[in-house]
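Before any comments, here is the structure.
Labels run A, B and C following the written order; every chain starts at residue 1.
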Amino acid sequence: MSRTDTAPGLAARSAPYRAVIASRVSSQRSHRTSFRVDLLSSLLVGLVELAEVAVLYLQVERIGGLDLAAALLVFAIADVGFSVADMVVGHCDNIPTYVRAGTLDVFYLRPQPLLLQLMTSDLQLRRIARAAVGVVALVVALGLTDPPFTVRTVALLVVALVSATLCFAAMFVWAGGVQFFLIDGAETTNAFVYGGRYAATQPATVWGRPLLVVFGFFFPMAFTAYLPVVTLLDLDGGQQLGLPGWIGWTAPLAALWAWALAAVSWRLGVRHYQGGGG
Amino acid sequence: MRGSGRTYWRLLVAGFRRQSTYRLAALGGLVANATFGFLKVAILFAAVRAAGGELEGYDVGAISAYIWVSQAMLGSVNLNGRTDLAERIRTGDVAVDFLRPVDVQGAFVATEVGRSLFAFLPRGLPTLAIGVLVVGVPLPDHAWALPLGLVSLLLAVTISATTVYLLATSGFWIVETRGLQILYMVLSGFLAGLFIPIWFFPEWLAVLASATPFPAMLMYPTDVLSGRVDGSGALMHVLVQVGWLLATVAAGQWLTRAGRRRLEVQGG
Amino acid sequence: MTETIVRTEGLGRDFRVRDGLRRRTVVAVEDLTIEVAAGEAVGYIGANGAGKSTTIKMLTGILVPTRGEVRTCGLRPVPDRRRLAREVGVVFGQRTQLWWDLPVRESLRILAAIHSLSAAEERTRSDELVDRLELADFLTTPVRQLSLGQRMRAEVAAALLHSPRLVILDEPTIGLDVLSKQRLREFLVEERRTHGTTLLLTTHDMGDVERLCDRVLLVDRGSLVFDGTLPGLSATVGAERVLVLDLASSTPDLVDVEGTRHQGSEGGGLRQRLAFDPGATTAARVLAQVSERAEVLDLAIEEPDVEDVVRRIYASRR
């Protein structure tokens, strides 16, 4: 059978992924009751997480240089980023399940890169409800903190949201790679993926040195929301950490670093699997 | 209840044994528990200091004890609502359980408590040890706090089992219990005071939380062990726990009987 | 000269397993040298743990070999995995490549996109597969609601949709009823005849080998111990068939029926199993002898189990 192997366009190359994603969407929409339960639960998860931050800042006026409004903004950016990443690639840290079900072997038999197949294999629409909580929180927080409505503000917000989403997506992929080695101890990666999400909603100024190393730089969680907010609202958190005022603009570099980590981890993981770890 | 104490002891030991096969999983749980512990330390210590060294009865020492005791209990209280029993009820396999000469509720609770107590060894105690060694957790200054705290801990673990039992047996009437289980999973941690003590909540929310059995699974034992409450306050917490235990056991017995009748009427 | 589709030379694969605290090395495939020509149908048989699945994984690029050479469709499986995927179709009897919550038709549509089939190719090929595998009745049924036989047919369609030159089947008939097995075999024979597809299958069912394969490879502990035709294999060990008889009343064990060996009884002699060598006697002759002693209600003939043949070959080698 003849096939056009010579430099197919983007549309042709993305067709397999679009077909899979479209099937996921239609399948989830066809199970209405179950989908509604999932949507509602996802909404509740978002609200509970919001409450965990709000309750604390209602008790104490200022923690680590953030007041309630600024903390809400940090939470919102981090949560939107995490929810979107979770919706799209959140299943990537389920490697043990995929290995046990033989799903990975099936991916190997298809002519697409493994990681792209995995990433597009299980889009979870329900998690959109949680992102909605983040978006509402973002709007409210922007109203409360009232940064000047300028190109700079909008640009910084966009940069922060995109970088945060990419960072969290990288965390899921990183975790997936590590789980090839830790089939029975996959929960270990939760410490950094979900711990990372929790860390991302905190002001980095409250961390001691070890936490700064782990969640400030190695897994660049401070760069997802806190540091952009510091730059946006011109807070002194950056100075306390010995970082310049414009540090929030470097969020894309953090995302790049996170993806470098993810790529290395995934490579090693796959090599381990092919080497017989599975 | 049918079945002798010996039977339940056996079941408890079996639950205990089953856990010992998951060593790597336990290590993963430990790493996760400790990491979240350090993050909680960072933010809650900062909060207590920002409040002038004392917040709703917690000083830095008490909040440290709260954090590490609650992290240590994480593997031992069921905050996700998932049980094998729910699956057995859904598939109808539970009919077999009713044929055994042991009380279904008693057997379930004994197995769960066995599992929970065992989880303290690879997950709970090391988590606590990390907190004690790295951050520092003061011993309760009241002589009665420790024994009373251990009683409270045992009660908490048991209430967790008797409460998820109620969730599972709702499956006799509701075909799809997944929605309830998810609701349980989302709300239980928050209302039990896992991330923030419920005493930090606004008044109405704290009252709402206290009207559920969740604080009895986590908040009260950490209060007693951290010395945030002592004397009559601690005793009061334990009494409230006993109240929840009795209430959930009674409700569970009633649900078991009604569920069994329903099963017999429908013929499994 | 025909083209070589599979070629391995000194192929081997070790696994390191943890045994308590120590690590030890297990040799799954020791030293395998095989060659399969285009258009052949090869049965790859051996006991459980003989290294069949490991070999398949190395042929398809899922596992990296520890030693030796392997070429599938002229490609190196691991580095050329994505090109190879267009040439090979794999059916795993135990795992699915369909989307369990989607209708069969939808799964086929996605797979067509995955293999970048043109609209025309997709239509022609799916119509052909739907017709010959008789999928039409359940095309709109979600996969999870299919019976095992229906699902296996859908799996085969999924693996063959992109018209691979090599089709590897790992236990394709496991758990299927007689009729479903029969249909599947007929389809594969037809597919091979019309498209010249090369077949490589692992199986425990001698019927599969008998009706599908013109060549048998037998492996033992990761090494090739037999390469030839099925009659050749049976001749080596004298493959027996088993007559399973359901009798009207309890009968003493039929231990002295001529040309047979009594294998066992159930239900106090209500069901008895007699093994016989088809070269020495026939099923009809055995039945006639039994009928003189007891009323036969029902009977079935069991094919020799590959496991059994394999066991005897293994035994003869040791």
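By our rule, a residue touches a chain if its C-beta (ideal position, glycine included) is under 8 Å from a C-beta of that chain, and two chains touch if they have at least 3 such contacts.
The shown structure was predicted, so the numbers you read here are calculated from the model rather than taken from an experiment.
Trainee: With chains as vertices and touches as edges, which is it: line, ring, star, complete or other?
Mentor: Shape = line; chains linked end to end, path left open.
Trainee: If I average the Cα coordinates per chain and compare with the overall Cα mean, which chain comes out closest?
Mentor: Chain nearest the centroid of all protein C-alpha atoms: A.
Trainee: Between chain A and chain B, what is the gap in Å from one C-alpha centre to the other?
Mentor: Centres of chain A and chain B (C-alpha means) sit 30 Å apart.
Trainee: Would you mind pulling out the distance in Å between where the CA atoms of chain A average out and where those of chain C do?
Mentor: For chain A versus chain C, the centre distance works out to 44 Å.
Trainee: Between chain B and chain C, tell me the centre distance in angstrom, where each centre is the average of that chain's C-alpha atoms.
Mentor: 51
Trainee: Which positions in chain B touch two or more other chains at once?
Mentor: none
Trainee: Under the touch definition given earlier, write down the residues of chain A that touch chain B in their complex.
Mentor: 33-34, 37-38, 40-41, 44-45, 48, 51-52, 55-56, 58-64, 182, 184-192, 194-195, 198-199, 202-203, 206-208, 210-211, 215
Trainee: Spell out the residues on chain C that touch chain A in their complex, using ranges where they run on.
Mentor: Answer in residue numbers: 13-16, 57, 60-64, 78, 81-83, 85-86, 88-90, 92, 94-97, 99, 101-102, 106, 109-110, 113-118, 121, 162-163.
Trainee: So in the complex, which bits of chain B are touching chain A?
Mentor: 22, 24-25, 27-29, 31-32, 34-36, 38-39, 42-47, 50-51, 55-56, 176, 178-179, 182-183, 185-187, 189-190, 195-196, 200-202, 205
Trainee: In their shared complex, at which residues does chain A touch chain C?
Mentor: By the definition above, chain A touches chain C via 1, 3-4, 8, 12, 15-16, 18-20, 23, 27, 31, 101-103, 105-106, 108-113, 271, 274-276.
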